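Going by the order they are written in, the chains are A, B, C, D, E and F; count residues from 1 in each one.
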């Protein structure tokens, strides 16, 4: 029995609250169990210098954790004057994943910046971030469509992310912190709603993992992402 | 009539939610109308180097705003590698104010770090931060008392903060963003529950203000702080 | 009797030397007793980006202390790669105060940067800085008027600053370092020559202060500022 | 036919030159075709603070590119005062991968820092870095064993890395720059010599990739890593 | 005739004012014509980590320019968060030169930090800095001797510095800014009072210089340094 | 006998390998004995802002050392976020020296950035860097001439650099690390092929040096530079 008492293929309780804050064009509070992330999507006219003059849009993301979102307080990155390698890496992952779901030509010369700020961490912050970010991004894009700023919907795929791992030799879905810190392997999978892989990142924390374990984990991930995409769709069809 | 439609001496709706996140020893979500701040108090054994060997404790604070807590997105300070002067200044103000309410000898060799992170800004973020921070700090201290880590309550005073200003020549209480950005004078007042001044910071945004205006603003502030202290007390007596 | 032996309402010896260095458009060495600050005003054509195209000018300020201006050497901020929070805060205060005295429309598209560098510190460096900065700024503006670069005098008010405090329960004027470090309350007051408040910043170092103490301190400050404005005027009417 | 003219499952010419520089305990120049990386392993007595007192060792890595290792010059990171996110991410990946191959208890309280500096880039710098780093690390560890500083060989597995991708819908092995910049999917695979996965990182650059494509790429990677491990072994058995 | 109207071998007016500020153990205002530098020497017990346990002392130096010490304002290095290469280079030169004059064993485990801050620049700031720094250092050392903290005088040589150059094909002594900016060659010479070279740094600004020009410049420098050492001695024998 | 066993006026083995890496317009691996430096010259159209609109070119340089180019590993400057003073100083020296050999009008509005990266250090890295940089620069300029981008050769002089020193009271040429660390005086001399001085930098490490020692060292340097210029010419006349 895994520490959380869940079935091996069972997600944590997932909730997605739209319009969580009032200023952003998209604003979502997503929870994967006790992991809670605020995802906001901010629309800005124009694109970064390296994208200028191509008639295309841009989507980027940044990630952060409140200093006491974790069991012991981490130093505030703004005060230290430097983001950790982990922070930068996750921000890049979120941005890259979101861009895979968007047709930049249809977006036109707009930049959408998605900020994912973890207010409470219990494992899986990057996958919760991506899953919530996609909803915030969708709201921001729907806003552009609604006011006629863009004509065609640039969203090519729905997108969600989940972690899977090997815990005591067993593949399990959606690891919380207690599970993650004792898992032998940790694999983050970002997929589209129709089953394509956008990004996979797997790390052997202890022993190397075997091909058959990889296959089993990917199957769990596919199941998890499908359920998450259903949650996203449900949230997006409710009035916000 | 002021923009918010409130009476000149009327606070915005204030709410104080304790135990907002699960890890911190004190965790409060405070709202002054649409201004929402997460205040967490983290207890650490030991004190900073400059306080070592005196048998005393230390309380300090840091402040931040989520990038899209405001109407237009601000660059993430951690990514820029530098806090703005305003951010540093407010963090210092919060820490200094909290220290005025605490008997460091009774606290003993513990450090309490209070983080105030604005998730939605609509004016008055520093006063909401201080008011919420005091509740989070109280919860953290009560935790130390409850487990016997300290023997005597180091809280000397209750503490709250409010902004007052001159808006169209009239003194008004608790300015929201629309009011603040058109006010002639902005005065932040931090007071103890028994009417002592801990800090006053007043700035003439347009014309210099006159002594009689200062007197009127201070009277409003005193009324506001009294009401805030009642709200704090009410929140602290409920089960969290 | 206060440590300095002065009367409670007595300023330290104040001297203001204009044209202290040769390159700056305004250059003042101001002394409040043993506190000595070089204030230079530098005129630059054009304004910062956020002010462009409005036909208005801009005044800003920076503050620094020579590493050994104090009793023990402080690390050089340029070498550490970071200004302290205190340094940034005082620079912002000086700039904000000076701007309150200037009509930016009359200044036209010029930027005046005032640098206040403490060469010897003995308490009250921020108030000496503001008082000296106003004289340097006036010289720079008079230069612009003299050569016809601007037509109308943009100076709306004269401006000076002084600290007051509660020392052993007694309100006293213009605290030196020995007094400041044992004072219970420290209040910095920036006023115009005609008695308007531009900025007040009061901090209870020990116990909170009472309204009647505030009233007494403000009265002392008003007296001090009047005397400082007279000193400024006297300096400005002498050939430099 | 892929741009390089190679078979889909064909590696570039690989060369591994040991003792490339004289100071480091392990020093390797590795080439994957035109990609050339200097990998040095530096042994230091003691471990970082967070590892102290456990009797274990530590292995870490840093990555860099000479400014003109690429087609157009990149700004020197040391001069800009900041490593890019990509640089930090690759350094972390190299270190994490190497640690998976080492038994830290057998290493004892030594730190080995591996520096991978790209002197000429033509795609696959991170996989060449890991493959060369393992050889440099082995030389450094053999030095510790030879002089009796450690008793048992802490190397658990041999380790190599290769990139695979989907280029024009076909899975191909070991992409060079021309191929990588037009590939639809890029997958970096780090494996042990006995076929365990240590890390997999796959990114859909264009369209999401399908499970069967992933399977095909992993098979290519396994073939490539086997060949690389043979090259490593061959290099290590020659006199350096 | 050189721009300054001086003889080719003529120094500018030199003045050395000791005890210029009150806190530092040595404090000198030195002027070479319109170049004015405050040099303070600060004594600290103990030595930097890399000197620990050798029973020796350490002398180091830092250099800075007030933002408006020059004809146009330079950005404040502390605000930019970075010293320029020139600033770092001059600080290192001053420290290295001073160390050449001191017997570190006799100094014992004290660190003396010399700060040279240019308040007005007109060419030759580094040579004025070194010449003034030596006087401040001497005062600090005499203080240590006077209170018995050290037993033997660690000063091995007196030390001064001067610039020489080729101006319109003629060797000239002590270039001011107008001369320096049109000189073909600029040579800074740091010498001991008894004619030894401590440091020479010559740069061809335009055409390369010939050996015979070097010889002529060195002769001028020797004359200049002798005169400066006499000025230093005269200053040091007066009551400060 | 000096530690290296060489004659007092004998250079180390010098080798110059052109086209060392493939991307740069000039790319040289230079060895002075065990000191090995990669020098690349990168041509960029346009000039820095301060040179704009003058129709002139610009040459600049940067210097770096691989972390383990030395006997013990140095922290990576990019990771520390700061170049050391020594690094900045040497980069400035290389750039200044190269500029002395180039007619910027003939170069036209091109910038050439020369990067000197030490891969193995054994004393004399700055002189090897300059000597190799000149060859890389020449290759880059020849490329511009060959494709007709510039019409006239902007190279005014050939340029090389060598260190000389006083070792056990004897002037010696081209110090390696063992010699340099025990030398009494260290003098770096940058000269043109026709015997002009471009830069001389001499430092007394121990005792001050005497004029006659300076003369002897300069004579050695002149001999060394002549030999280096011959090596450069020989390398440049071979097919690369």
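The rule we apply is simple: a contact is a pair of C-beta atoms (placed from the backbone, for glycine too) under 8 Å apart; a residue touches a chain by one contact, two chains touch by 3 or more.
Chain by chain, the UniProt names read as follows: A, B, C, D, E, F = Ribonuclease PH.
Here the structure is a predicted model, which is why all the values come from computation and not from measurement.
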Any chain that touches subunit B (Ribonuclease PH) and subunit A (Ribonuclease PH): none
Furthest chain, CA centroid comparison against subunit D (Ribonuclease PH): C
Whole-Å separation of chain centres (CA-atom averages), subunit A (Ribonuclease PH) against subunit F (Ribonuclease PH): 51
Approximate Å spacing (C-alpha centroids) for the pair subunit A (Ribonuclease PH), subunit D (Ribonuclease PH): 28
Shared-contact residues (touching 2 or more other chains) in subunit F (Ribonuclease PH): 81-82
Ring topology as an ordered chain list, initiated at subunit A (Ribonuclease PH) and continued via subunit B (Ribonuclease PH): A, B, C, E, F, D
Subunit A (Ribonuclease PH) to subunit B (Ribonuclease PH) touching residues, read off their complex: 21-24, 27, 34, 36, 38, 40, 42, 44, 62, 64, 66-73, 76-79, 81-83, 87, 113, 115, 117, 119-121
Parts of subunit C (Ribonuclease PH) lying in touch with subunit B (Ribonuclease PH), wherever the complex brings them together: 85-86, 88-89, 91-92, 96, 100, 157, 191-192, 195-204, 207-211, 214, 218
